[in-house]
Each structure stands twice: as C-alpha cells, then as structure tokens.
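What follows is a set of structures for review.
Presented sequentially are two complexes of chain A, the first with chain B as partner and the second with chain C.
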Partner chain A sequence: MTPMEDKDLQISEKDIVILVPSIVVAVGILSLPAKLAGVTISSDGWIPLLVGGIIMIFVTWLVVKLATSFPNQTFLTYASKLVTKPIAIVFTLLFVIQGIIIAAIEVREIADISKVYLLNNTPAEVLSLSFLLVVIYAVSGSRAGIFRLNMLFFPFIIFISLLIIILSIGWISLENLLPVFQTSIGGYAEGMKTGIIYYGNIGFLLFYMAFAKQPKKAPKMAARGMSIVVVLYILLFFVCIGVMGNGATTNLIYPTIDLAKELEIPGGFFERFESVFFTIWVMAIFTTALIALDGAVLALQSVMKKIPKLTIIFCLAPLVYFIGLLPKDYVELSTFGTYMAYFSLILLFCVVILLMIFSKIKGVK
Partner chain B sequence: MPMNKKLLLILLIGLVFLTGCWGKVEIENRGFVVGTAIDLEEKKGNGKYKLVMTNQLINPAAATTPSNAGNAQKGFMNISVDDESLFAASRKMRQLTNLIPYYQHLKVILVSEAVLSQPGLFTDVMDVFVRNHELRRGVKVFVTKDKANKILEYVPEVEKTPSMFLDKLANNGKNAGLLEPKKIDRLQNIFIYERSYFVPRVKLENNKIVYDDVVVVQGSNNQMVGILNAEETKGLLYITSPTKGGSIEANFDGNSINVETTNAKTKIKLTNKDKENLAFSLKVNFEGSIEEHYGQANLLTEKSLVEIEAALEKDIKKMVERTIEKVQKEYKLDVLKFGDTIRRDHYDLWKTIVDNWDRGENYFSKSTVDVKVEANIISTGASNRIKQKGKRDE
Partner chain C sequence: MARTSFFNRRKMKTSKSKQENQIKTTIELGTNLADNLKNIRTLLGEPGDLIIRETTLGETDTKCAIVYLSGLVDQDLVNNNILKVIQSNINEIDTNRINEVFQQIIAITDIKKGTKFDDVINSLLSGSTLFYLDDMDTVLILGTTGGERRSIEEPQSEALIRGPREGFVESVHTNIALLRRDIKNPNLRFKSYEVGKKSKRTIVVSYLEGIINPTLLKEVNRRLKSINLDIVSESGFLEQWIEDSFLSPFPQMINTERPDRVSSSLLQGKVAILVDGTPFALIAPITYSETLKSLEDYYERWLVGTLIRILRYLGTFIALFLPAIYIALVSYHQGMIPTELAFSIALTREGVPFPSFVEALLMIITMEILQEAGARLPKNLGQTIGIVGGLVIGEAAVSASIVSPVMVIVVGLTAISSFTNPSYSAGIGFRMLRLTFMIAAAILGLYGIILAYIMLNIHIANLKSFGVPYSAPFAPTYFSDWKDTIIRVPITMLEKQPKYMKIEDSKAKSNEEEQK
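The block that comes next holds the complex of A and B.
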C-alpha cells in the first residue's frame, strides 16, 4: 500500500498532447451545444468556439512556455523566485482549491447523469462515492500511472467520438445548419463568453510541466493537444445542430447524449448506441476528475513537503465529496460550475500574466 | 499480522458494493411498451381535458413463439387508463398490471384527431414524451382519424403487433410513395419555432390500415384545421420529399402508362422579395422509368418518349398546383416550408415577416408560386412491348 515515488517521473511529448484533452474534455461537453446554440442563430456557434479555441490554444502554449522556461522546477520554486514566496503559496493554494472544486463538480455531475440515464434508483450519494473512490484509488497510485491511464483511454474517447460524428452525417439536414453568419456581434460576444469556459482548467499544466522530458518541445505539444479539443468541440456542435436543429438543441439539457439517442443503427445491439457513448464520457470525465484531484495533491505537496501524499489525499477526499453534494439541484450545480469555470480562467490569466511580466523584468531566459 | 487484517477490512467493505445493482428491474417485471395511443375522452371546464392513454405492451410469451395456426394468443396486450395527464395515467397503469411500463422501445405514438382539434392540446400531450429520458428521439407520431386505440387493436398479418407494423410500414416508404412519418424530435423543433406543419394520418378501413393522407395543423396554436386527401398528399410529396413520390399514372396514346419515380428533386426559390407580392418558383425535376404499359405503341422512339414526358409534366404540375392552392388559399398555412426557403436564403427579410407569415397579415397566402416540372424517362423497362401488331403472321 505504499505509493511509488514520483521523483523519477518524466512525461514524454505524447503524454503532453494527451494530457491537455484529458484535462479539458469534461462533463461540459454534454451541455456545450445547448448553451452555445442558445445565444447564436442556427449553426453560427462554431465561430465563437473556433475563436475562443484559438485564443485558448495560444494561452496553453503560453502557460507551458512559461512553465518550461524553468525546466524541471516546480511551480512553487519558480513562482517564489519571481513574485516572492508568500504570493507563490497563495497562488498554489488557489490552484488547490480549483482542483478540489473541479473534482467535486465532476463527481457530482457524473452521479446526476448516471442517476437520470442509467441507474434510476441508486442514490446520487452512493454514485458519487463509488466514482470518487475509484478516483482516489487512481490518485493514490503512482503519478506515472495517471499518464498511462490517459494514454489508454484517449484512443477510445477519440475513436467513439469520431464514430458518432461520422454516423450522424446521414441524419444531418441542411435546413438546420442554414442560414449562416446571421448572428449579431453581441451574439458572438455572448457566444465567446459561453464557449471559452469549456476550454478551462489547463492551469494544472503549470504543475505537471516540471516533469516534462523535453521542455523545449512541450509548448508545441500542449498547443497540439488543445487543437484536438477545439476540433472535437466544433464537430460535435455542428452535428448536434445539424441533426436536431437549433431550437431543440437549445432546449435539451444534455444534447450530446440525446444525439447518441437519436442515432438508430439497424441491428439490435447498435440500436442502443448511447450505451457505448456513456462509457467513453465516463472515461473522459474520470480523467478530468483524476487530474483535478491529483493536481490539487501535487500543488499541496509542493507547499507541505513533510506530509506524505496519502495523508493529503485522505484529507482532500472527504472535502471533494461534501463540496460535490452541496448544490441542491441541476440549476444550482450548473451555475456553480459556470462560476468555477470563470474562476479557473481568471486565476490562470492572472497568474500567467503576472509571472510573465516578472520574468521579463527579472530577465529570466 | 496487520496486513491480513487490513485486507480483511477492505474485503468486508468491498462486500457493500457487491450486493448487485441498486436500480435493477427483472426483465419479467418490465412491460415493454411499443406503442401508445392518446384519445380525448371529454373536455372538462377550466381548460382541462380527460385523456385516455392506451399502452401496447409486448406479450413476451406469444411474441417469441411462431404465430402459426392454433395459437390464438395475441402478441400484444393493450391497457387503457384515463386521467387528466398522461404521466398520471402511466402511473395508474402500474396498478392494472404488475408490470412496470418501460418506454425505451416505444416505436409509435398515435394521437386521435379529437386531441388535435383542441388548441394546444397536442403539444401538451407530446411534452411528456420529449421530457422522458427513457424515450428515444426517433419515435414516430401518427394522427388517427377515429379513436387512436382502435388502431392498436388491428392484428397485422406478418408483424406481431400493430405498433411494429406501423413502424415498419413507415420505414418501407422508399419508392412506395408513402409519406415519411413525423418523428418526435422534428416535432419539437416545429413546436419551438411555431411553424405550421402536417402529420401523416392512419385510419382503419374495412379492417385494413390506410396510410395515405395528412392532417394540417396550425402552428400558432397547434390546432388541426383540416386534411389533405390522398391526391393532395401526393402533390405534397412532390414538394416536400420528392424521391418518395412513388409511381404516377399518365395517359399515352389512349392507354394508361405507369411510371415509377427513380429520382426527383424539388427546388424552391424566392423570385420576388417585395413583402406584399412575394413570388416563388418551384421546380420539380423528375426522373422515372416506365414499369407498366397497357397499349401496343412503340415506346422506344424519341417522339413517344417526349409525349409521355409531356403528359407526366402536365399531371405532376396539376397535382402540385392543386396542393399549393388548397394549402395557400383554403388553409392559409405554410406546411410546405416555403417560409424555410426565405429563412435559409434571405434571413433579413424573414425576420421582418416571420410574425405575419402564415398568420396575421398572412404574407404566405398573398404570395404567388410558379410551378415548373421537368420530367425525364430514363428507362422503359426490360422490354419494349408484349403485343405487336403485324408480327403474328410471321
């Protein structure tokens, strides 16, 4: 039961490419088309998704560039050098809070969705607990295992997502996609505001990049990983609008799930395509929750070096569970999630800009 | 041995999670609902209605055994319950059977005309089917002329249940000239945008299912205003889903000739953008093959093909124009998606007229439609003719 030491952990370029979608693609993808369709006309939502995506690809590149300009140093080490230790600790703790809350939200959402679609009679508390226990189990192992798990899940997630997109093509009606470019500037702005939060959470990269095997290549790899997310989001959005129309998509709670329910592939088993779909979303949400919790642990470890990892995990886990149970219904949970996403983005922007400025001033190359 | 004690503890905790699935329902206890019929029993005051919901459940015992002679058991059972809301009715059904209604395999929803003739009631009864997570979004919705639950009692020859029969019937629409059924997900969009629409109708005549006409529903209050008969529905097919046009009969040389649609396309274009005098051009491109011919004429000449094509063009044009006339002048409701053409190509114009499109000012009824048909015969079948004058004496 003793966890492996992480001292020698090194993550390859491929790991970084996969790490980014594993962090970013989370429960939000299930409701993203609805939120975005609500503020844009017909299929125009792809524009804010693309623009927001390009911004976030750049931000990802910037974050990793910043982190890897101090090769093999932890966030706390280089941030202390730049903006004094107390401020660096405050930043680290804010990331810990973000990790705990993100993990809590993912755990709660997966419980709610499973309850509605799969296990009607099982209490949400039990579902959250079982999911959380698996997450804790994964976090308490070696950190290298997390990357290996990402590597294992990623092909499945991408393959099934692409499969569902390809299968949907036959159901798309052009009428739903037209007219194009009719949204007002205000609508696009609103769409940007809505869309960009689905690209959040990449702040954890600041901590993981200390393990990068080839720091020079890392920014490009991370940007590549983010591009995968952008393409996936845009394709899914298009397919949802094309198959179900803007009106219905706006009014569905989880349009991506309903998209899978819409498809009827002849031949018994595949008629129920959403079962396969659920599996991969649980995987995608699992990796996000996993990295959020592990990120929090990693951040806390850097501040409190004396405390063993397992102790930190066992202290954080109940916190995650109880925060997850706080929102009383879907509306509260989704508002909570939105605020949290903005918090993560603002935190990320503040930290990156501040550190960038200080590293320029102090002339760190 | 502290390690062993720890292991024991973990195993004991593990037991809690191994008690099986919390939400399990044994398959024997599930009532698989394949069809639902909704009828209006009576209209109460204060805007409330008494509805009858009939669920068609699969009878597993009969559905799995071959339905040959001697086995009189039906493959289905129908359960009717009345209540003010469908959900309450569905709950009541649990008391009538020991089965838990299970809607994941629902194929068709039948709604009687009586329900549609009440303003807004149709959308209200559809709500529960869109909201329910169990349902698939491809469930087909039909309107029935008389009581909807009468259709569910029809015993089909091949299929086990009438619901499956209706589901397959609508699937076989390709080339049979059958209407594409309205699916519930399309209806949701229509309801949201308050478009006028048509829903295919089924009726029982001489104990046979007849599926050849549609009811026209007003978008603003979801109330049925009338029907398009079988002939007008054929015209409708050429406008909305032309490849399903099926076969068409034309007159050539005094004899009838049957042409099957192999490919057909319809293009609607807005030609005049003036609000008060909107003009559309509707062009049908028809390709067909001759399947049956009652005369002796030689079909393989340029002249006869041109004549047949001209006859076809005239017939199709007449059908299409009659449908447009009825929809535009009598019902004044755009169920032909002319409005969507404007929305698609001229969104700015659409924004200014959408509220008065087929209501209020009713720009739709004031618009003109110019119908053009181009027919092409691409095949005359394997043989030219089976009778030929003058060949006999050889």
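The block that comes next holds the complex of A and C.
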C-alpha cells in the first residue's frame, strides 16, 4: 500500500530543544574533562566551561534568531538575498564539508573507543563501517523520522548521564575539588579556548530552522537546549574531578568512561559499568553523526536540487568512511578533531556576523 | 529508480488480471418465467441445494416461483412469511400494479426490487430469496438470510480474567449488533463495501462521527477502494493490502475478537473494519504502545493496571534482548558478569561443545518448533507437547551436555516473557527480531546489540500507521498521552481521545472552513 502523503516537515518546539543536545553531545564530553583539567588547577575548569557555555547559549540564540527571521526559507535562499548567490553557495559547501568531516570523526572515534572498552579483537574498520551503515540507514529515511529518533534517544542519554552522576556522588572527595580559584587568568583563557570548542558544530541549526513550526519561539527553545548541554558538561566535569582528582583525570584519554569504571551498580548485576555506559552512549554519538551527515545532505540538496537524496547519500558515505580512516593514531585524530572544531566555530561566527551585518544594512527587521 | 519500476510492474499486473476475472454474466432478465428459471439453473449448474418452488398466486392463474439456496436462508421465514401468504391470501390481482401489491402481501420487511441479473444472482448467493412472477422482468429480492451460524462465545484468542465474555462471530450483522449494544450513540456509523472479484464480501467500516478525524476516514476509504483481490476470506487479507509497510515486522493494525476493545477504540477516534465471515475486526491506526495494551489494564484498578503494564514492557524487553545479551556477555564481555556468576556459568558450560550462539540458536529453534506444534495440535494434546518438549527434551539436552543449564533458564525465561504480549501478531514480530538481535550479538557483542537496537528505532521512527507515527506518543511527544502508555493513570484523569489522533486539530480546521 502506498503510504499517506507526508505533509511538509515541521519541527515543533520540543524538537528544537532536543535537537541542540543531539547535535552537540557526543564523543566530546568523554575526553573533555581530561583536556580541561590539564590547563586548569583542581576543579577550576568549570569556570571556563560555564563562561564558554553562556557565550555559546547566546550564540545559539543568535544563530536561530537569524535563521528564523526569514521564516520557512532555506539558508541558501536568505543568504543569497543578503550576500549574493555565489558567496551563499560557498558558505553552504563549507557547511557540507563540516558535516562530512564531523561525521567522519564520530565514525572513527566510536570505532577507537569500542576497541578499548567493548571489543578488543575486532578490527576498527569493521566497527566504523557497521556504525556508518546504521547512520546511512537513518539518513535515507524521512527527515521527520530523524527528529523522532532524536526524541526517542534523548531520554536514554539523559538517564545514563544522570545515573552516572548520582552514583558517583558517594565517591566524590572534597580534597579533589579544593582548593578553588587557584588558576591564573592565562589558565582560564587557555581553558576557555579548550572548552568552547566542545560546544561548536551547531551551524546546522541554520539549515534546520527552515522547518520550524513556530519561528518566533525557536531562538528561546534552542537556547534552552544549549543550557541542557552546559549543565550536563559542568556536572560531568565536576564528578570526574571529584572522584578521580585533577591529576588522574588529566592522564586519562576518556575520563568520563573511566569514571563509570570506578562505580558499582547496586545489586551487582553488572560489573564494568563503563561498558554499559558506553553502549548507551553510542546513541548520543549516533545522533550527532546522524545530524552531521543529514545536515550535509540537506545543505547539498539546497544547492543541487535535481539530484535525488539517495544519490547524494551514497556519494557522501564513502567520503565519510575514508576521511575517518585517515588519522593514523589517537594523537592525530585528536589534533584533527580540534582543528575541525575551530573550523566549525570560526565558520559559524563568520557566517552569522556577516549575515547579521548585511541584514541590518539591507533593513530586514 | 528501482522503486518506480517495481510499482509499474505491479500496476501492469493488476490491470491484466482485471480483464481476466470478473463475475460478469451476459444473461438478461426476461419476462418469461420458465426462461428465467432455466437461466438460473444453468448458471449455477443445477446444484442440489437450489430450491425452486413454482406455484400460482393464491387462487389466480398467475404463475410465480420462489427461488433460494437451502442452508443459506431462514427456512421458517420462507415457509410462513412468503409461501403461505402467497398461496392463501389472494383472490384477485391487478397485474399492472403488481409490485405495490406484493410489497403489501409478503410479510418480510427487507424487500428490494432487482432488475439486473448480476444483482439478483449475488443476493441469491448471499442468502436472499428471489420471487419471480410471470410476465415481469423485475424480481423481488427478499432478505431471508439465515441458516446455521456459530453462536456468540467467549473469544478464544483474547481471554481476559475480568471483562465481558462476548466475542465477535462470523456474521458481520451480528457483529454490528454487538457494537451497537456497546455504544448507544446516534453518531455511530457503519459504512459497507462489497469487495472481491470472484466472491463478494461485505466489509463494514465503523467509526464515530464527530470524533473521528475526517482525514483518517478519507484515507481508510481510499485504501479500501484500491483493493483488488479475488476474495477476502479473512481480515488478514485486507490488513495486508491496506497496511503502510509490508516490510515491517510490526503489525500496523490490531486485530481483535472483542467488541469491547473495538468500541473503546472507536471512542478514541479510531476506525474499525469488520469483515463478513471472520470474527477478527481490524483497528487502525495504532501506535507501538498500543500493541502492549490489554483491556484488563482498564478494568482493574489503576495501580494494578500500571504494574501489570510495566511488567509487560519488562517482559517485552526480556523477550527481545535476553538471549542476545547472554550471547554477548558469554562470548565477548565475560568481564561484565559478576565473578561468582561467571565461574558458575563457565562450570556449567564445561563439556558443552558449541559456542554460546549455536547453543542459543539450537534452544530457540527448538522452542519455536514446540510453540508451533503446540498451536497446531488439538487442545488436549497440546499439554503433552509442553511436557514432552519442554521438560523431557530440556532435561535430556542438559544431561547430554548439548546445552548448559543456564541457557535453558535463559531460553525458558525468554519464551515465557514473550507470552506476556497481549497481541499475538505483534508477538510474532518480536520472535523474528529476537533472532536478529542474537545474530548481531554473535557478531559484534554489545556493540552489535546497540546498533541493532538503533536500527529498530530508525525503523519505528519511519513507520506510520494510517498517517500516525508508530512511535507516538513518545516521538512526536504528546505528554498528555503518556498517562496511558507505560503507566495507566486513574480512570478519572484519563482523557478519552489521545492527542496523537489530532482530533482537536481537525475540528479546528473544519470550523475554520465553515467560517470561510
């Protein structure tokens, strides 16, 4: 039976609230406490995390405000109006590149982490390929289905995060958290630089906001979604430092997962809680990779309207896979990831500031 | 590209078959009584159950005939209300106004005039009695449908401890009556269709006007009109023809034998489809959480209902994941099992020659065979299968070291849990999915399970049942509908119509249109 015709995709306010954490929360938080603890003293890392978070909440609000001031128009349409079509196309293609590379990094990271915590003997290529295939399956479905998926997975992600935070409360020792405010100004600046990139990659909101059902409420909702991320990051950073101390956290690669290792589930059903935690966390990584790839597809679709969606997906997928294989080891992957995060942040700032200025000049309200 | 060609092929096939099979006769109704009767005899091949009673109208000389198929009609009705009155009452007749006269003479309320031979034959085959009169090319079709039918019994497939004991029967008219008794509301609608190329079946779409979303009704009608089947002998045919996705392991309509289930769904703004000849009615649209609901959740007090429903979700989780998780833990993540348990599992697995996946597969397949055999056997033999299959084979398999005792526990728990699903059709889907999860676990351990779970979610997120997302009310989120999903809040707080049916929206829209 041919299905009922799908109406135009519309995303509700709840979808927007959940979209932001789905985009942002992924592998980043697993290594964030280590990077941040390295440049700050004891538990001071939360200050740059909070300040960076507040800045990014504002940026998110600004991005969505910009996108929804042209209700139901695609990024390409309103960007062409403001800064001529060629430049708009260049911007769109830059976002496509961002999407492909972020998806590639997620696909690679998930294979590396699974190798450490779940399957030691399975080749990383198999792990990343199987993950990528699942992502492709999701992208080739309907776009409304993607938002429903975010909605289905979000409770799991929040649940497992809260569980890990609540279980670790008993293990936190105050000595690890004290003394406070010992970091120099330079250290805070360094921390800001390290911390803020973990909030990046929200550029795709520019594309998805064309589907917003109530454009007026969207900026507030997106900011609310970003606040969830900030709170989650700060809490997880706190428990990491509180349980393991600054020194130990710095030396770990994925301190958040190792934090789970320290914990015990009451009742003793499972040992090695970190495996359970990471298994659930695959969902968080999945939603990020999904939005990255789908964002790239959406952006490309707006430029090349005649090419069917499936063709675009099948052209991008091998690219994602091979870019994911490029970095040789963890160090290269990490550097690659950091550069990529800077790239997406700078791209976002450039595009938003440029479009803001031009919309002021051309007098769009 | 592939998709379009597939549909083209399908279209070509249907148009071809349309030309082949149609019950079309070239015979016309004549005015000569003998010819007309001969036509009927030759068309049906002079069967033994065709009764033709030729007589004269009362004491006049006008010849007439009663034609029916014995077994399909109510014999008393034919004898007392038709034959008797025809033979006795009439002394004189005004042949010009014959029809009016007859409507006064024959003591049956359901009378139609038939002028087309096709209509006449179809109503004869569905149990009507035909009345032929000489010199007339019009036939009276008398509704005398009757004969032996199963009486109303307790539904076999959906037994409840508490609740009405009535179940649907094979006659659609009885079923309609059962629904009418449940919902005494003038807005209750029954819309009939005749479906089938080789044999006509009555299909009745039932809904409550004013509650139902008109878009949904239009969609149901559109799908029913597209049916191009030879015969619809069970509602399953219909379900497979009009469902959204034939690749999905999940049913997109619920089938039920219970009138109370249908009527409660109708009150929620859903559509029920009744098919003549089967006690199973279809309810659409449904969502995933609907397949885990039983009416008893509402009949018991809310705490009990909620607990039982949580138990059912737990049962579904176990039925889906337990063998897969066991395989993953034993073959890949031994470290995750608590140490003492790991030792005892290793101890019991000693001497078992197979890897845990093969072991699980053996047991699961045995269990599926037992289940199938138990369903096919006569009731009193079914117990034997349970004892011989479950106990004897299980015990012997363990002592012969083919499977480990822990595996027997795992498979046994899985089997019992899968029976907590109140909908048999949904349960079958889970049996397939369980195997998929086991294969995923055998290849990639826990990572495989979570990937398979994500894929399952992708499928559910993309699945729709008559335009309603299958994952509603979780995604898209309708918080007010959560009161009746995993938990079941007290009946006083329960809203009648779920939000995901978008009844309010449709009402607002129609109001707007009216104002325009």
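One rule holds for everything that comes next: the second predicted complex is superposed on the first by the 355 of 365 C-alpha atoms of A that agree within 3 Å, B and C clash if a C-alpha of one lies under 4 Å from a C-alpha of the other, contacts with A are read in each partner's own complex, and residues count from 1 in each chain.
Methods note: a residue touches a chain if its C-beta (ideal position, glycine included) is under 8 Å from a C-beta of that chain, and two chains touch if they have at least 3 such contacts.
Predicted model only: the values in this text are computed from it and were never measured.
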With the two structures laid over each other on chain A, which partner does A:Thr279 touch: chain B (first), chain C (second), both, or neither?
second
Could you say whether A:Glu175 touches chain B, chain C, both of them, or neither, answering first, second, both or neither?
first
Taking the superposition on A as described, I'd like to know which of chain B and chain C A:Ala248 touches: first, second, both or neither.
first
What is the contact status of A:Ala189 with respect to chain B (first) and chain C (second): first, second, both, or neither?
neither
Once chain A of both complexes is superposed, is A:Leu152 in touch with chain B (first), chain C (second), both, or neither?
second
Report for A:Ser130: first if it touches chain B alone, second if chain C alone, otherwise both or neither.
both
Chain B versus chain C as contact partner of A:Ala138, first or second or both or neither:
second
For A:Leu119, select first, second, both or neither according to whether it touches chain B, chain C, the two together, or no partner.
both
Please write out, lowest number first, the residues of chain A touched by both chain B and chain C across the two complexes.
1, 118-119, 122, 126, 130
Seen from chain A, its contact residues with chain C in the complex are 1, 3-4, 12, 14-15, 114, 118-119, 122, 126-127, 130-131, 134, 137-138, 141-142, 144-153, 268-272, 275-276, 279-280, 282-283, 286
Quick check: in the complex, which residue numbers of chain C touch chain A?
219, 223, 226, 241-246, 332-333, 335-339, 444-451, 454-455, 457-458, 460-462, 464, 466-467, 469, 471, 474-477
Which residues of chain A touch chain B in their complex?
1, 41, 116-123, 126, 130, 175-176, 178-179, 182, 244-245, 247-248, 250-251, 258, 261-262, 264
Can you check the complex and tell me which residues of chain B touch chain A?
6, 17, 21-23, 133, 136-138, 185-186, 188-189, 192-193, 337, 340, 343-345, 347
